[in-house]
Each structure stands twice: as C-alpha cells, then as structure tokens.
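A quick write-up on the structure given underneath.
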Amino acid sequence: MNFSSDTAAPAHPAILEAMFAASKGPSPSYGSDPWSAAARQSLRDVFETDLDIWLVSSGTAANALALATLCPSHGAVICHNEAHIERDERGAPEFFTGGAKLALLPGAHARIDMGALREKVAANRHDFMHETPAHVLSLSNLTESGAAYRPFEIAERAALAREAGLAVHLDGARLANALVSTGASPAEMTWRAGVDVLCFGATKNGAVGCEAIILFGAARQRAQDLMVRAKRAGHMPPKMRFLAAQMSAYLQDGLWLQLARRANTSATSLATALTRAGAELAHPVDGNEVFARLPDGMADRLSAAGAKFYPWIDGSHRFVCSWATEPSEIDAFAAYLA
Amino acid sequence: MNFSSDTAAPAHPAILEAMFAASKGPSPSYGSDPWSAAARQSLRDVFETDLDIWLVSSGTAANALALATLCPSHGAVICHNEAHIERDERGAPEFFTGGAKLALLPGAHARIDMGALREKVAANRHDFMHETPAHVLSLSNLTESGAAYRPFEIAERAALAREAGLAVHLDGARLANALVSTGASPAEMTWRAGVDVLCFGATKNGAVGCEAIILFGAARQRAQDLMVRAKRAGHMPPKMRFLAAQMSAYLQDGLWLQLARRANTSATSLATALTRAGAELAHPVDGNEVFARLPDGMADRLSAAGAKFYPWIDGSHRFVCSWATEPSEIDAFAAYLA
Amino acid sequence: MNFSSDTAAPAHPAILEAMFAASKGPSPSYGSDPWSAAARQSLRDVFETDLDIWLVSSGTAANALALATLCPSHGAVICHNEAHIERDERGAPEFFTGGAKLALLPGAHARIDMGALREKVAANRHDFMHETPAHVLSLSNLTESGAAYRPFEIAERAALAREAGLAVHLDGARLANALVSTGASPAEMTWRAGVDVLCFGATKNGAVGCEAIILFGAARQRAQDLMVRAKRAGHMPPKMRFLAAQMSAYLQDGLWLQLARRANTSATSLATALTRAGAELAHPVDGNEVFARLPDGMADRLSAAGAKFYPWIDGSHRFVCSWATEPSEIDAFAAYLA
Amino acid sequence: MNFSSDTAAPAHPAILEAMFAASKGPSPSYGSDPWSAAARQSLRDVFETDLDIWLVSSGTAANALALATLCPSHGAVICHNEAHIERDERGAPEFFTGGAKLALLPGAHARIDMGALREKVAANRHDFMHETPAHVLSLSNLTESGAAYRPFEIAERAALAREAGLAVHLDGARLANALVSTGASPAEMTWRAGVDVLCFGATKNGAVGCEAIILFGAARQRAQDLMVRAKRAGHMPPKMRFLAAQMSAYLQDGLWLQLARRANTSATSLATALTRAGAELAHPVDGNEVFARLPDGMADRLSAAGAKFYPWIDGSHRFVCSWATEPSEIDAFAAYLA
C-alpha cells in the first residue's frame, strides 16, 4: 500500500533488459550512437512528425533545460502557481536560465485559468524596460493536481501565448497518464495544439531515469543550443546509449501506454474506495493520482494500517498509483476502508 | 581496435545486474533508499574514513558541483591549462559556480608545476578587490595526459594550497587507473594527501553512468549545500537507487581495481607495440591511456586498418584502453604494427 | 505640474556644490578617500550606531546588491507582490543572487499582511531539498503604494522573520518621506526594529544619483562580500568621492528631512485638492505620493491642462511630488480642479 | 607628485558645470531626456557615423555589459592575458555573461600577438560541444601596458576575428590618449577598423564618472538587449541627464583631446626624466602611462620624496599622468631625479 509517489516504483523489466541489450561492444559517446538515433525515430513515429530531442535523467533537468532554451535571462515564464517548476525544483529554472522569473497564475485543479492568462498576456510588454516580460507559457499535463488538460484546452492557452509572441512549453512528466485518460493522441496533445517544446517523462512510468526534451517545428532551430546547455549542465553523460535504450523500450509496442493505463486504473479504483468510505475528491482523477479530503481520523488510521501517502498543500491527501501498483494493494486498501 | 575512448565501452555485466537487483518493490526516492546508504558505506570502507557523498551520472556534473560547493562566484579555481574542467566541459564550472574563473597553470604531462603553483598561491590576495583570488586548487589523477600523480605529489601541492587557504579538489575520473599503477591506497591518494573533495569516477571503468562526489573531513559540512546544488541542477534523479546500485557493484570484491588493472595492462601492451614500431611516447603511460608521436604515415595506416584513436592537441595521438579492451584487440594491433 | 515621478526632479544645488567642492586635487580611488569616510560617519551619526556602507548610483543596484549579500542563489526573498524589487527592477535581484526566487505576499497598501507572513514563515523549511526556502524578508518604506510602515509594524514583521532565521532587508528609496510622516527616528525605523540591511535612498529626494547600502549589527560581517559583489557588478566606480560627497551633503544640517518634508507637504495639499474635486484616495498619503481614483473624465482633463502623472495598476492614478515641486504648481493644480 | 592613477584625479570643472546646468527643472528619467539625445548626437559627430549608446558610471560596467551583449554564456571572449577585463574587474565579464570564459593570448606590450590570434581563431570550432568557442575578440587601446594600437593594427586583428565569425570589442578606457598619440581619428580607430562595440572612457580623462558603450553598424541591433541588461544590472540610474551632460561637455570643443594631450605630454616629460636618471622603459609611452624599470634604490627614494606610483607585475613601476597633472609636478619630479 505504498502510494507515496510514482517515483518510488522500480523500473519495468523490459526497460532494464533493453539497457542490458545495449551494453554490447564499443559505441560512440555523447549521443552519436545508434540507440540514440533509434530513440529519436521512435519518438517521431509516436508523435507523427519530425522532431529533435535530448534525453536526460531527471524531470527537473528536462524542464530547466527546455525553459532555458526558450527564455532569456531577462524574461519570464508564465506557469501555474502550483506548477512543479515553481514549487518542486529548487529554483532550477532560475538557475538554468540565468535568473529568469516565473510569473504565477491561478486556476482550478492546477490548470491555468483562461481569464487570468488572457489578462496576463494582454499586459505583456516586451519594450518596457522595467518589468520582466513573459517569453514562455509553461503548462503541465497532468497538472500538479492530477487533472488532465484535453487537447483543446492546451490549444486555447497556446493560442493566447502565440498571439503574444510567447513560446509554449509542456511539462509532460505524466503525459502518458493524460493521454490514456483523455484518449488524445500524442500529436493532438502537443505540437498540433501549439506546443513548441515538450518534456516527455518516462521515469515515473517505468523507466530507470529517462526524460526526453522534444523540440517541435520552429523550436527545432534551438536543438544545437539545447545540446550546448545540456553539456554545460552535466546532462550529456558519455554513455548516452543507456538513456536512449530506455526510451525505445518504453515506447515499443505501446508499453508506455499500457503502463499508464494500469496506473490510471489503479487510481480510479483507489478513488472509488476512498469516496465510498466518505472521502471527498479534491480534484478530478484524470490520471494516476488521487487527491482526497479525508474524514477526521482516516489519515491516521490509514497510516497505522501501513498505507503510505502524503498530505497536500490544499488540505487534501495525495495518493499516487504507478505501473507497479498491484491490484492486491488496491484491494487491501479498499477492504481496509470498507 | 577501438581505442577512441574509455567512454565508448559498454557497462560491466555485474553493474547492470546490480541495477536489476535493485529494481524490486517500492523504495524512497531522492537518495533516502537503502542502496544509497550501502553505496556510502562501501565508499567509507574503501577510503577508510567517514565521508559524505552525492552520486551523479556524468563527470562534468561531478566536477562542476564539487567546485561550486567549494568556490564562490567571485573566486577562482587553479587548475592545469589542459585540465578537463578547462578544456572539455563547456564552461560547466563557470555555470555551476555562477561565474567563477579558472586560473591556469602549466606543467609537464598535465601535472601542475610546483614552482608555478608556489608562485601563484604566493600572489593570492583575498583582500584585494579588483583581482579574483583563488579559493580552490583542482588536480586530476590520472591527468589529461594519462600521467599519474603519486600520493606525495598530491600532498605537496595540497599543502601549498592549504597554507594559502585554498580547498583541494581532485578530479578522479580515472582514479582507479592511477591507484593501480602507483600502488597507492584510496586513502593515501586522497584525504591523507590533503584532498577535500574527490570526484570518483566509475563511468569510464565499467559503470553505466555513475560518479561519486565525496566530501572528506571539514568539507563534509558542505554536504547539505552540495545536495541543494545537485537538486537545483537536475542531478537529483528520483530513482537514486539505480545510481547507488552501480557504485556498490563497482566496489564489491575489488571489481573496480580489477577492471582498471585490465585496462592499464592493455595500455602498457599497446604502448610497447607502438614504441617497437618506432612511435615515441609523449607522456608516461601511468594508466589506460597512451599518447604517442607516430612516425610519418602511421596514423593513416592504422586508421585504414580499422583502428580508432584521436589526434591530440600536442601533436601526439591518443589511444585509450578500457576494461572491455580485449587482449585479441591488442594482439591484432601489435601484429599489424609489426 | 509635473507629478510623473520624483526621479524627474533635478538635483538639489547643495548636493551639486558638494561635488564641486570634492573635486579638488588627487584622492585615492574606489572608496578609500576621506569623503567616503565622512559619509560613513554622517550615516553613523544619523542612525546612532556603528555601521558599514556601500554607495551606489541607483536604487536597483542597491537592492540587488543588498539581497545578493543576504540570500544564496538557492534561497528565496519574501516580498510584497507589488514590491519594486518584483515589479520594476527587471529581475535584478535574480541576476545578482544568481537565480534566487522572490516569494510574493499580499497586503493592503503594499504593506505585507501579517497573517500571510506568519503563515509563510511557519511553512519555511530549510532542510527540504525540493522547495526554495526563504532566507530574507524584504520590506519597503514607503511602500509601493506610498504608505508608511510605522516602526512597530516593521518590528513585528522583522520579529517573525528573525524567529524563522531570515534576515531583514528594507528598501528605503523613500525612507526620508516615511520618517517625516511617522515622526520616527532613523534608528527606530531600522536597526532597532530589526532591519539588517537598509537601502537608504537619496536620489529621489535631491541627489544626483546616490543610494547607501547600510549594514547593521551582525550583517556588518558581510561588508567585504558586499564590496566584492559591488566591484564585480561595476558598482565600484573609481571616483567614489563624488558619490560620498552627495551623501554627506544630503545629510548635513538635516537637508534630507527638510526636502522630504517639503515633498510630503506638497503631496498632502495635492491630495486635498483631488479629494475636494471628487477623487477618492486609493491609499494613505504617508509621504510624497498620492494614489487617487479619479471621477470620469478628470484624468483626461488634467492631462489636457498640462499635468503629468501616470495610471497605476490598481486602477488609480499616481501623482508624485518631490523636493522640487513648487507650491505654485500645487496651487495651479488646485485652482484648475476647483 | 601623485602618479598613482588617472582615476585619482578630480573632475574637470567644465564637466561639473555641465552637470549643474543640467539640473534645471523636471526631465524624463532613464535616458529619455534631451541631454541623453544630445550626448548621442555629439558621439555621432565625433565618430562620423550613426550609432547607439548606453552611458554608465564605471569602465567595468561598460566592458561587462558590452561583452554580455556580444557573447552568450556558453561562449568565450579572446583577450590579452594582461587585459583589464581579465585582471582587474573581479570576474565582471563572467558575471554579466552568465559564465562565459576569457581565452587568454600573449603579446608584447599587452597587444595581442597576431600569430597567437591567427592560431586561436583557426582552431575555433562553433560546432564542437565540449570546448567553449570564442564569440568575441576584445582589444584594449591604450593597452594595459600603456601602448597604443594604430588603426591598421586594430584592423588586422579585427579582420581575423570577423573571418572566424567573432564580434570585436574595444576597451577604450584611455582611447583619447591613444588617439592623440597615434593621430588617428575616432572613426579610423574604431568602426572603420572593424570594431563592433566600443567602451569609450571619459572618467580617467576628466569626467566625474562616465563611460559610453557605443554600438556600431550591425551591433546596433543589440541596443535593446544592451538597455535591458543595463537596467537589470542597476546601470540605468533614474537621472541619466547627469551622465549625459558629462559626455557632452567632455566632447565639446575638443575638450577630451586637449585633456588627453596634456596628460600624454606630462607622461612623455616624466619618461624623459626617468630615462635620464638611468631608468629603462618597459613599454612604449604611447599615452599617459610610463612603465619603467628603475635602478636599484630609485623606487624607495622616489617614494621617500613623496612621489606616488605602483610596482607592476612585470617588475617595472607604473607612473600615470592625468589631465590634472601639473607641469610643476613633473618639474619637481625631474629636478629630484637630476
């Protein structure tokens, strides 16, 4: 009954086996290897377009590098005031950009509110010296509250950004979960909706540690800049084949979507068990996370029973399922609650 | 006959197997897992002292984080003018420190010249506002020319540094190779010789991607600062157990020294074959690298025969052996030359 | 009728004359001159305590240097969400600190709300790696809305900060105006209330361009660090005597308080004229600034009559008086309104 | 007999008077004032071309802002190994660029050696990830050794830079002195010779504190970026008219060249007196600085007689004359020596 985080899960065997398979003979370093080429091709197939990539081992690195590629040190990134880049990355975006600002907007379920965004971009003035103008809009899907944006919701926000001359970044640490629950295709949810740069997570969904920074369309012109920044930040490890092998295995035969579906299903069952026991959902369960306001005493009783989960900043408690969550864990949890 | 780099080698099976073994069940993220504790304990045993560590996936990350922990943005790091941190890390030390300077010194075989160092530290003035005073001395063992420092050579340089109030950093990307060739113990070569922070490499010697930043003695007070910087730089990947498992397997039963010995032996054989064929060694072969000045035409002939190696900045050519270099490769190379 | 800003005013003749007087013969550069020593002594007298200073030519430089001296790159500064450091300095604090964050709090009249501050510091966790903990509380007096904190209001906020281990910075670009209106002494409003570092402005109140960064108490240990940062930021101009001469002249015989009193008096008269004409004050007029919600059409009519002032982000209009505002300007303005 | 530095000199009365004259009535802040426009026009006239400018109060600020405008954080600036930007600005270029590197070249009299430069730019590879490629060539005129480049010497170095895709920066803290001694026009020495950005000093030659960053030709496209960086670095003081008034007065009726000529003449006389007394010139006296190797005991005797000057890093002693050096001082110095 470990619902502490999807990062607590082990790696999927198929991914580890792919690393083993890649460990054969000499191979060029720093991304010039055939596994890296194959990973890029797999991502092209999945996203139905040409694209450039860089692979890193943590989501913080992916987001910070992506933002630094899009935003100058004297610019700002618009994001939700609960976004991971604001709350959980210890100022990595500020570090990688050389001191850019995050401009925070509200919105239910950690989705950026359209009205607030409209007002913010309308007031954005690139030629005013004193304030810091936004250069990027950063969205997260799943959001930090476990909610999904549907493609049109991404698109309408991206359209506002684009009109104001902003680039669009999508933190997709849990994109697989959002795609499964919305039924959208990878292309629909990203570049077709106006996303310029996607941080595409695999770590939380079965990888050892692998996230792809994906540049779409005009943003591909920044590929060289992205690589330079990665090198300079220690995110160009010599044996890149081991990152690439993870990504290819993750995508092969739809493994990534199967794993996300499994996690989402677990979360749905867990949410059902909680609400039946009197808890109230704080946010939509659009992926593998459940945020629930628990009746008095329930948190303590669940902890005492061995369940692991965390209190959240909004007064609810967060329960996270992963690809490795066993149905038996959910059953035990439900049984305990009932 | 791939002597391009030790980073072109695959990972040792024992290390990959350890990652597999670590992929069981849920585990706390971000370094609070039992594998991380075990890796630290293994390093304590190997270095015969208590110590603090942080594990990262690239040598550039290790060096840059270590230097940022020791040097303020308005300070300087003394290093050899051919040091990896100066020539091959795309300004990572400058990025991580927030703009510190590298102060370059000469020295044969990429060992810092004692006279030059003595003069440099004698002129170091912490209270003079206009110049940037050195706060750190950075040494590399093996050096960029494949030479080893013996412990007393580390110690005499560290002593000069310490008298001048500087901390001592050791880039040990190939420390195992230096230990094997000098016969020194890990402790003798590092903290007993005055090293405050060691970047202890495993990647070039059999790991998938794993380097330990090791804090000794008083530098351990910077452990929290180091972790914060790692987090902020995207070098706190959630599933730290997979880095930790590599380090433990690397150290277990002396695997690391066996692998380094194998690589060193290959290099010695390769050097012998080259000199017999008329090449001249540019630097001592104290580890797994051979730098040789080749007779006219030899480089082209070797390339044509399928050997992979690189021209070096000093006019020599570099040949690197690794744990995975097969005796048959050396034999074929020697046979071709003879 | 130029009420656009107090920075639009010329310099007071006494200050220019002091610069002339300082321009005699050779003098040591970079702050080792007798004028700099005299300025420091004058500030000691005014603030009734020993202190260290650094003089700069802009308020942005003063604030950013002060904050960089107090806050590490991986920390945060708590400030009001309308603070000058957040809205009007183009990310200077982020630049000088190397990427620290500003944590924004609400509060009426741009005073930080006590409840919000209490909650914020209660949640501040220095040992949690993922979030950025606050290291500094930054207050402004006058606030960005022209309101003054009284000493006890500074003190109660500083006390909360201190309990949580935070340093306290006071942006005093208009401190003279706040002192005049509250009747507090310089010492009461600053170090006796718990302020560690004060940015003490003269530019808006008659100087050519001069702001003192003043370190009190334990913060004086950072004096060397502050000087190094100033040098590195180009804020150690060689002929420091011309900055120092301004500060001494500013303080001599209470000139600074006379000028502030004059500006405050003008603002009070202007506010009276506006309210009589049907405008409503948006914020208390505690200094030399008036924020008024104007009846329909009044802004256009005033502009047409030649008055200069700006619309403010809260829907009001801002009118700023300075030491150079002539009673005749106020009279003309009042006559026009009546 | 104060030959310590030209920064020890007072300001010329005409420049202070111009500041007085500018202190009349209200004026727009931040460079939108008529004095700023006039200063720009004066510079256009002097340099015989259109140009964009930003005025700052220190040479370190000018150089660091100029370099940050031309060089990305992951690039390098080629300069002489004794250049002011390397030795005397406490890492300001590294700070403002976000961690760019300075690549040091040798050369007699602090002029960059043509052969060394040719070799350096030939090896510059923008597409190699691991090393830091140069983006800028920085020259100084006068050099740190008091020598002048003649226009063709600037031009031949700039041509090498341009072919390799580098921009050219000229540190002209003492440009007036170089122009006087070489007889070159401002245009010949700068944009006609291939200079993109000039830091044009006035402080050492009579100003209170004023340096112009001047963008020529294609570099003018960076004018907005330069202003943003200036703002963010605290180098956009509100009352810009007082910087602008200095520059206009400095240029009016050739004052700047008269002052430089006076200083150069003093230096020539001083050099003559020194060589007659047995000293040997270490560098050409092309401006207002004399570097002389003194016979045994002479330095002590001169100091005892009240002369102020400094030992230099090359074993010589530096004597600096300024616009304010009196003929009587030189006479007294010569008399003492004779």
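We just call them A, B, C and D in the order they show up, numbering each chain from 1.
The rule is simple: a residue touches a chain if its C-beta (ideal position, glycine included) is under 8 Å from a C-beta of that chain, and two chains touch if they have at least 3 such contacts.
All values derive from a computational prediction rather than experimental measurement.
Relative to the C-alpha centre of chain B, the farthest chain centre belongs to C.
C-beta contact counts were set side by side for C-D and B-C; C-D has more. A straight line joining the Cα centres of chain B and chain D is 42 Å long. Rounded to whole angstrom, the centroid-to-centroid distance between chain C and chain D, based on C-alpha atoms, equals 34 Å. One finds 50 Å separating the Cα centroids of chain B and chain C. Among the residues of chain A, those in touch with two or more other chains are 30, 73-74, 89-91, 95, 98, 129-130, 228, 231-232, 236. Only residues 30, 73-74, 98, 127, 129-130, 224, 227-229, 231-232, 236 of chain D touch chain A when the two sit together in their complex.
Only residues 2, 4-5, 7-11, 13, 16, 19-20, 22-30, 56-62, 64-65, 89-92, 95, 203-204, 208-209, 228, 231-239, 242, 308, 324 of chain B touch chain A when the two sit together in their complex. Those residues of chain D lying in contact with chain B across their complex are 73-74, 76, 87-91, 94-95, 97-102, 104, 129-132.
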